[in-house]
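Structures given as structure tokens follow.
Both complexes below contain chain A, partnered by chain B and then by chain C.
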Partner chain A sequence: MKLETGNLKLGSHEFGSRLILGTGKFSNTETMIRAIEASGTELVTVALRRFNREKPDDDLCAPLAKLKNVTLMPNTSGAMNAKEAVRAAQLGRELSGSPFVKVEIHPNPHHLMPDAIETYIAAKELAADGFIVLPYIPADPVLAKKLEDVGCAAVMPLGAAIGSGGGLSTADMIQLIIRDSNIPVIVDAGLRAPSEAARAMEMGCDACLVNSAIAAATDPAAMAKAFALGVETGFAARNAGLMPKSEVAVASSPLTSFLG
Partner chain B sequence: MKSKIANRQSSIVDLPSWLDPSPWLGKKFSARDVEQALGAESPNEDTLAALLSPAAADFLEPMAARAQALTRRHFGRTVQLYVPLYLSSYCPGGCAYCGFASDRDTERHKLSFEQVETELAALKKMGLEEILLLTGERTPQADFEYVLKCVELAAKHFHKVTIEVFPMSGKEYGQLAEAGCTGVTLYQETYHPDVYPEMHRWGPKSNMLERIKAPGRALAGGLRMAGLGTLLGLSDPLFDLIALYRHVRHLQKTRWQAGLSVSFPRIQNEAGGFLAPHPVSEKQLAQIVFAFRICLSDVPLVLSTRESAAFRDGMAGLGCNKMSVASKTTVGGYGDEGSEEGQFDVNDNRGVDEFCAMLRARELEPVFKNWDEVYR
Partner chain C sequence: MNLMVNGESLEHNGDGSVGVLLAELGAAPDHSALTVNGDLVFSKNWKTHTLNDGDTVEVLTFVGGG
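Up next is the complex of A and B:
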């Protein structure tokens, strides 16, 4: 029996895999490509600043563009504000031909926490300009709704800081985002283990975006496959109907027997 | 590392309190202290002092492992490359250790704008994408207008242009940012108030507090990135390194959008035969890099071609995530023959291809372009 995966719908596009991969931090392009293939992902994000048309062996865009069944989603990593992110998105679209953009604005280049205010401004402008916008955001349920209202195709709250391997440290907030969202919710950043990806999917996330945990693994391709299985398992478990959790044992002599 | 002059605190009061390293000098650390520092959840000056202590010299292997893990976590299995281009060797400064000091009997050179173009074209052909432009202190030969024009020329070809020149006004830094300059490198050389004047005998650089303020001014003026460092060998390394760490932390708190990096230049055989009064060995340098990676896990750490090929090979990805490559410290020298004597000796003379092959063999990806001109 094949596990239920369903399609991930982003704008007018559908993807068979619910795992999205980041492409930074790999030891070489071949390792990155093997990981992407092993994961079965159909959507990968790549930083505009790593596009290098003048030096093919330093360029991340061209080898990704050659992959069949994989859509490119340029990201604006490096942008410090909305203005820069919009410029980067436009250039990314021009160079890659992809309508997708991951809006990523982190004005502090050390902890890389997303700027909610600038992200909102950029996302609104890019959505109005016809982009399929996936913003990387703090796990803030109010911001998530505001981004939905301005036409984002999904929201991508962080599970923990980029590269931290902190897991789903924002789980409670992500649950609130999921509860009220009409667009896909994708956990982006922080995931360290496939079990955490499974947990995110069980909670109700629509997809997971993973980079560091795969790129920094001893065997990135094997880890990519493991994450794919984690995502698939969590999604299938959610669809199968998880048993309700209860901290109270059911008493053999019911407390309400007197009610008849 | 021993703090030989830890007790000479009479003039330390000259340092601002946010920089003063004296509370961390002269402390004794045990093996247990080092173990605790290695596992510190929120590293601070105490952690750094413990990891720089003689006791930590017995923990190089676990420090290296932790440094490697943190480097991978924040920067992946990559090493970012950059190249320096010396524009001019004119200098009014009296830095005792520098091959371009004004009392050195060396022929002075300056690249014409045409020569700058030739050099830029040669570097571009080598595939390099991040360029560091260098001069001495401000001179009529290489003044602000000259640097500005060189930045403009470089920004036409390179996505990332940074400078290591003389400290400027905030307005001038703003003009450079407009012209396409992303960052500034400004080494303090030494933070020790007694040693600083001995090493910077005359010229604009002899004003120690002015130099300390310059990186903050550059960031306030509009540059995004600042590279800090001390010239290891000039003074008590513990004094300088704690102060350096505190300088980085201060800028992180006061200029929260700044991208900071730390370099570890070390005096070996300077041009002109200057001998380091406080020599730092390769082992000590490795310990210093590991300690900084553990205490500043998300700050890029830089190692230049001052160091030997073997040492750089070993340190790649092991704390350091950014390296210069194919460097010449003579004025020019990439496109045409450079001048004869450089600012300091280069100990790793490998070309771009050879260096990248080494990185790839170590399963590290050389990254040439990690910035884009749209972010100017």
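Up next is the complex of A and C:
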């Protein structure tokens, strides 16, 4: 298991927070901003869509620009293939000025599972073009290694389906990815509870990306803070070194010399 | 000239400049990215880029996303 300490390193950038926030599904912009601030995150995802003259308030550029120490990571959601994802990434970089891109290609709206082949093609092209590429992927150790080989800055395997709250259903496969990876492994999608984020970090993940669990909480800002604590706790526990498991009981108190 | 903007037909009354089109739409220039006929037009080139009758234009901005 890797024992990374300190900042999260993505490409040439470093982040003090290991929690990445998505900005979708919030009831309004003010709630989203409060959640971002409460989380302490330094990296948030955004999506690119047609400007809607009927809903100019949907534009997040202005409110996000007011946040200090927060970097934008445009995603390529809506792209059905690698070609569309590359174009979305270029538009996102033009608009944000950020080199980060979350490559996200999921053509089936029913399960939103990432298309591994198109994701690989897009990630390879974007990494060669100088992007800091973080692909959202199925929890597949072979694919993860290939994405590392083509220059991705991290891999982001899903814990469960997007927005499902299914938790870390792919934990065993994520463990295999962590074992072989030389780049950060970030759980993206599926987390519902901060305890799951803590478990992911204890397993050896380098960060967690959370959106729905925070946006859909009764109190999003409070849940954002709770996830930040979960990530921090899991990371601290991992670096402290978890005790080995035993199949039998191991007494904590002496079993001999009791009252003479 | 007639333009197809974000999937809708639009009678553009300006001189074909990107800035006038964005003003017509109410879109903030520094919050917008643009494609014309599928090609990305960088903001640094907006002043010199001229839209033509029949062009298909996409004006994009950031919204919430995970």
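As a convention for this text, the second predicted complex is superposed on the first by the 235 of 260 C-alpha atoms of A that agree within 3 Å, B and C clash if a C-alpha of one lies under 4 Å from a C-alpha of the other, contacts with A are read in each partner's own complex, and residues count from 1 in each chain.
Assume a residue touches a chain if its C-beta (ideal position, glycine included) is under 8 Å from a C-beta of that chain, and two chains touch if they have at least 3 such contacts.
All figures in this text were calculated on a predicted structure; none of them were measured in a lab.
Of the two partner chains, both chain B and chain C are touched by A:R87. In the superposed model, A:L72 lies in contact with chain C only, and not with chain B.
When both complexes are overlaid on chain A, the residue A:A62 reaches chain C alone and has no touch with chain B.
When the two complexes are overlaid on their common chain A, residue A:T170 makes contact with neither chain B nor chain C. In the superposed model, A:H111 lies in contact with chain B only, and not with chain C. Applying the stated contact rule after C-alpha superposition, one finds that A:F51 touches each of chain B and chain C.
With both structures placed on the common chain, the touch criterion links A:L209 to chain C but leaves chain B unconnected. Within the superposed three-chain model, A:F26 lies in touch with chain B and with chain C [touch as defined at top]. Taken together, the two complexes place residues 24-26, 48-51, 58, 87, 91, 163, 212 of chain A in contact with chain B and also with chain C. Chain C contributes residues 6-7, 25-28, 30-33, 35, 40, 42-43, 58-66 to its touches with chain A in the complex.
Only residues 72-78, 124, 127, 129, 159, 224-225, 252, 256-260, 298-299, 360, 363-372, 374-375 of chain B touch chain A when the two sit together in their complex.
Residue ranges on chain A touching chain B, taken from their complex, read 24-29, 48-52, 54-55, 58, 78-80, 84, 87-88, 91, 107-112, 163-165, 212, 215-216. Here chain A touches chain C in the complex through residues 22-26, 32, 45-51, 53, 56, 58-62, 64, 72, 74-75, 77, 87, 90-92, 94-96, 162-163, 189, 209, 211-212, going by the rule given at the top.
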